[in-house]
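Shared chain: subunit A. Partners: subunit B in the first complex, subunit C in the second.
Let's turn to the complex of A and B:
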């Protein structure tokens, strides 16, 4: 019998005196599984353990039956989109991907071809000769995803992959993730935004304070989430126009905007309808949106409820 | 040597070659050349005697190039062997590729050594030519073995410094501070203190190999604590090999 794709047995991880992960037992098979939890829940720690960047303080982690820490056999089958951080490769996107593919073991021609295809797949082909340092946040995030997928890994690990993407980009990435799972690959994705996770998968692991609170189907969690309004922050050069467009929408709890900060803040009880409206605003009404973010206050509230 | 080491070394070298840091380091590396040009101008204007040309080269080598330029160049590259990628956000992309961590660090250390030698050797040779050219081709030719010995001392010293600073870069959060203290604090103090403490510096062995007299080497010779050429070569090779190897071993075990 084949071992599970990923298996964590009684895994704990300490950072000095701080407990990052507490006695976690989990197994992941093929398909998309989402780690859902507020910031500091232990999602990134878990993903770093799975990708072999960290070792567990106690317990065991295995990926395809082997310990992943500094293990080339595991890394050969793995693609990682790291948490968004400073990303200042001083080269153009094409050279960067080609170098990573060479490191992966492909010869020069194969590496070039994989780099070209991956950039095409994430919509960066026209920017392939631009320096990465000149990329926007969204473009860098697409490049992160391209390097993770370029070698066609068996397991894809994505830490908050939608951060920094505009609505169209989010939609595309969600589609790629679903498609990856549908092809029989394993995808492990972290997020603190439930409705985005819901579009990717039904399989969810709920985490908070380094512990797994629940795992399984998303429906029940969703019911709890909807009892709390979703906070959404939109960066746009036309905050007044966007606020006016959203003002009379059903489910809107509150809305405010700032011309100076070029932001619209709102609370809604119907996030799905809201995101649909936002996509229409961009695609059909030619509105401009730079970024959409959702603080995890609503999720925190649900976690408090679950803990109590 | 595994296949990834030359690839990583070549990539690191090309990345460093066109970096802002190298622009700054090029200025540092050409300082002796600028000094040599000033000397040549002084000779041309008859403000300095032509006969002292080898003495000028000795001073530039023993007081500027070997004890200052070589360790500074090495420090500014070797200390960043891990931190550069960590700060640029590129380290995790390399650590999750299917090749040994050892190859990554060895490749990066080789790339650093290549850029240091690239910045150090041409200005050093140019400095030799500029200071001695006025004395004629015969002087240039007769002093050539000195140049070769200087370059050997510099290369071995850079290798030893590279190991020390790479180790610091692998272990410490602020390796640059450690390196500055080592070069300007520890070594400066240890080289003028009688006793065996000088054997715990790189500069002692470099001075032992140099054919020029310097304040430190004169003092060491005076108190009978100058190592033989063979001892110096072995010591510098041992320091460089041990520290590079230790840096690699730590890097393979380290969580990043």
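Let's turn to the complex of A and C:
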């Protein structure tokens, strides 16, 4: 059996007396995984450990079965978009990328071609001969992404990749990330902007204060939170009838309806059983439902519950 | 849910040698240096002593009666390389090319990107050292060998090489030793600061404090000041070892040992800063 792409076993990391990461056990496979958490949650520390920029204080980190710290064999398969500035001064975008591709072992022609293609892909081809110091924040972010993707890595690690991008740029980057994951690559992306992460992936790791609170599919995580009932909103032309039908169901925590808004709001501890019941209502009792939505089936709500 | 392509995707780049990785890094740093006019001007000015020496050799060879005081022997080449250290070209080139070499990467964050690429920390240091070393050799070894070549063309005999058959080797080894010393020290100082200016000031202070200290000791007549306490004086003094004049000088072997120690400390600092000290912003 192949080892996971990335594996962290009981990993802790201290910065002097400050605990950056506390006994983290995680594995990452192919596809997009998002690290979510507030500032100081330990997301960047975790990404630096995975990319071999930091050594764990205790525990082990392995990428493709090897320790990544100061390991060029691992770095060959990695692409990193760091959070900070990272350009050599006085260099233009094309030369910078070409130079980094040379460090990856590509010959001069291949390096030039990959640099050109990467700049084209991120929409910087027309600025390829401009000094990077004259770039706007958004252009610098595109260049960071270009340098991480240009050598076609197996693992792409992006630390807050949407920072500094305009709305169009954000959508483009989200599309690239999803596309990268769809190609079977592993993508680790950190963010604290929840709704943007939802557009990239449903696989998340929720972190706070250096600890992993939950990991997995966002719906699975939601199911784990039994202490909090699911909020469900139903649009129907017959809210009174539907509310009456649901009233005596097991697991129902609360219910209210509005004839004016033509909707029923309810909270249930057994969402699966509720959805089954709703299907029967439509099929067997010929009830009419326009829309069913779960306002808290999103990262914002899950994160809120877990931090509470 | 997208279907993932799970077939093995082969890395298309080659696993390059350490030399290739370091040269790629050195080429980038070197080309940036050569684009700076002020650096080219400094290189050109650093060749003025060589031009003056060349003219002296030419006149002394063509008109020996007019310049009887210029003795063309191995000492002339030792003095020339030493002069390049004493009269600052070596110091200024090291300062210009080396002080910002690592500190600029640390301050800009480029260091993070380099370490995420398939290069080791050693490759990084070698890649940074090559342009500094090359620039220093361009103002020491290159003019010294040019003078030697000029002498070969102008001389009508081989008296010089009969008296000092190992002269070319002495010139090469003394120049390389000197340049390696200054390269390692300036890179070590550069790695200690995130500010190129602070690193430059630190290296300048380190290099110039020695001669000032020795001068102060000399004036106070407390002790006979040993040359190995100063970077510049130790370098000049160690030249006697390479040219076989160990009977002269302050304590040339002590100076040589002090320089070796300085290089060892510099390597230890580089190792500490670039390997043990990780990227924790």
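The rule is short, and it goes like this: the second predicted complex is superposed on the first by the 214 of 308 C-alpha atoms of A that agree within 3 Å, B and C clash if a C-alpha of one lies under 4 Å from a C-alpha of the other, contacts with A are read in each partner's own complex, and residues count from 1 in each chain.
By definition in this document, a contact is a pair of C-beta atoms (placed from the backbone, for glycine too) under 8 Å apart; a residue touches a chain by one contact, two chains touch by 3 or more.
A quick note: this is a predicted structure, and the numbers were derived from the prediction, not measured.
Asks: Clash or fit: how do subunit B and subunit C relate after the overlay on subunit A?
Replies: clash
Asks: Should A:164 be classified as contacting the first partner (subunit B), the second (subunit C), both, or neither?
Replies: It touches nothing on subunit B or subunit C.
Asks: Could you look at A:184 and tell me whether it touches subunit B, subunit C, both or neither (first, second, both, neither)?
Replies: In the superposed model, A:184 contacts subunit C only, not subunit B.
Asks: Looking at the overlay, does A:52 come into contact with subunit B only (first), subunit C only (second), both, or neither?
Replies: Both partners, subunit B and subunit C.
Asks: Counting touched residues of subunit A, say whether subunit B or subunit C comes out ahead.
Replies: Counting residues of subunit A touched by each partner, the higher count goes to C.
Asks: Given the touch rule stated above, what does A:152 touch, subunit B (first), subunit C (second), both, or neither?
Replies: Only subunit C; A:152 stays clear of subunit B.
Asks: Please work out whether A:105 is in contact with subunit B alone, subunit C alone, both, or neither, and reply first, second, both or neither.
Replies: both
Asks: Which holds for A:76: it touches subunit B only (first), subunit C only (second), both, or neither?
Replies: Both subunit B and subunit C are touched by A:76.
Asks: For subunit C, which of the listed stretches 5-13, 149-157 or 203-211 runs into subunit B?
Replies: 203-211
Asks: Which positions of subunit A sit in both the subunit B and the subunit C interface?
Replies: Residues 51-55, 70, 72-73, 75-76, 78, 80, 82, 85-91, 99-100, 102-105, 147 of subunit A touch both subunit B and subunit C.
Asks: Under the definition above, what is the set of subunit A residues touching subunit B in their complex?
Replies: For this pair, the touching residues of subunit A are 51-55, 70, 72-73, 75-76, 78, 80, 82, 85-91, 99-100, 102-105, 147.
Asks: Going by the contact rule at the top, pick out the subunit A residues touching subunit C in the complex.
Replies: Its residues touching subunit C are 15, 30-31, 48, 51-55, 69-70, 72-73, 75-80, 82, 84-91, 95, 99-107, 110, 147, 151-152, 154, 178, 181-184.
Asks: Give every residue of subunit C touching subunit A within the complex, in rising order.
Replies: Residue positions touching the partner: 2-7, 9, 11-16, 20-21, 24-25, 27-28, 32, 35, 104-105, 108-121, 123, 275, 278-281.
Asks: Using the touch rule from the top, collect the residues of subunit B that touch subunit A in their complex.
Replies: Those residues of subunit B that touch subunit A are 4, 7-8, 11, 15, 18-19, 87-90, 92-101, 252, 255-256.
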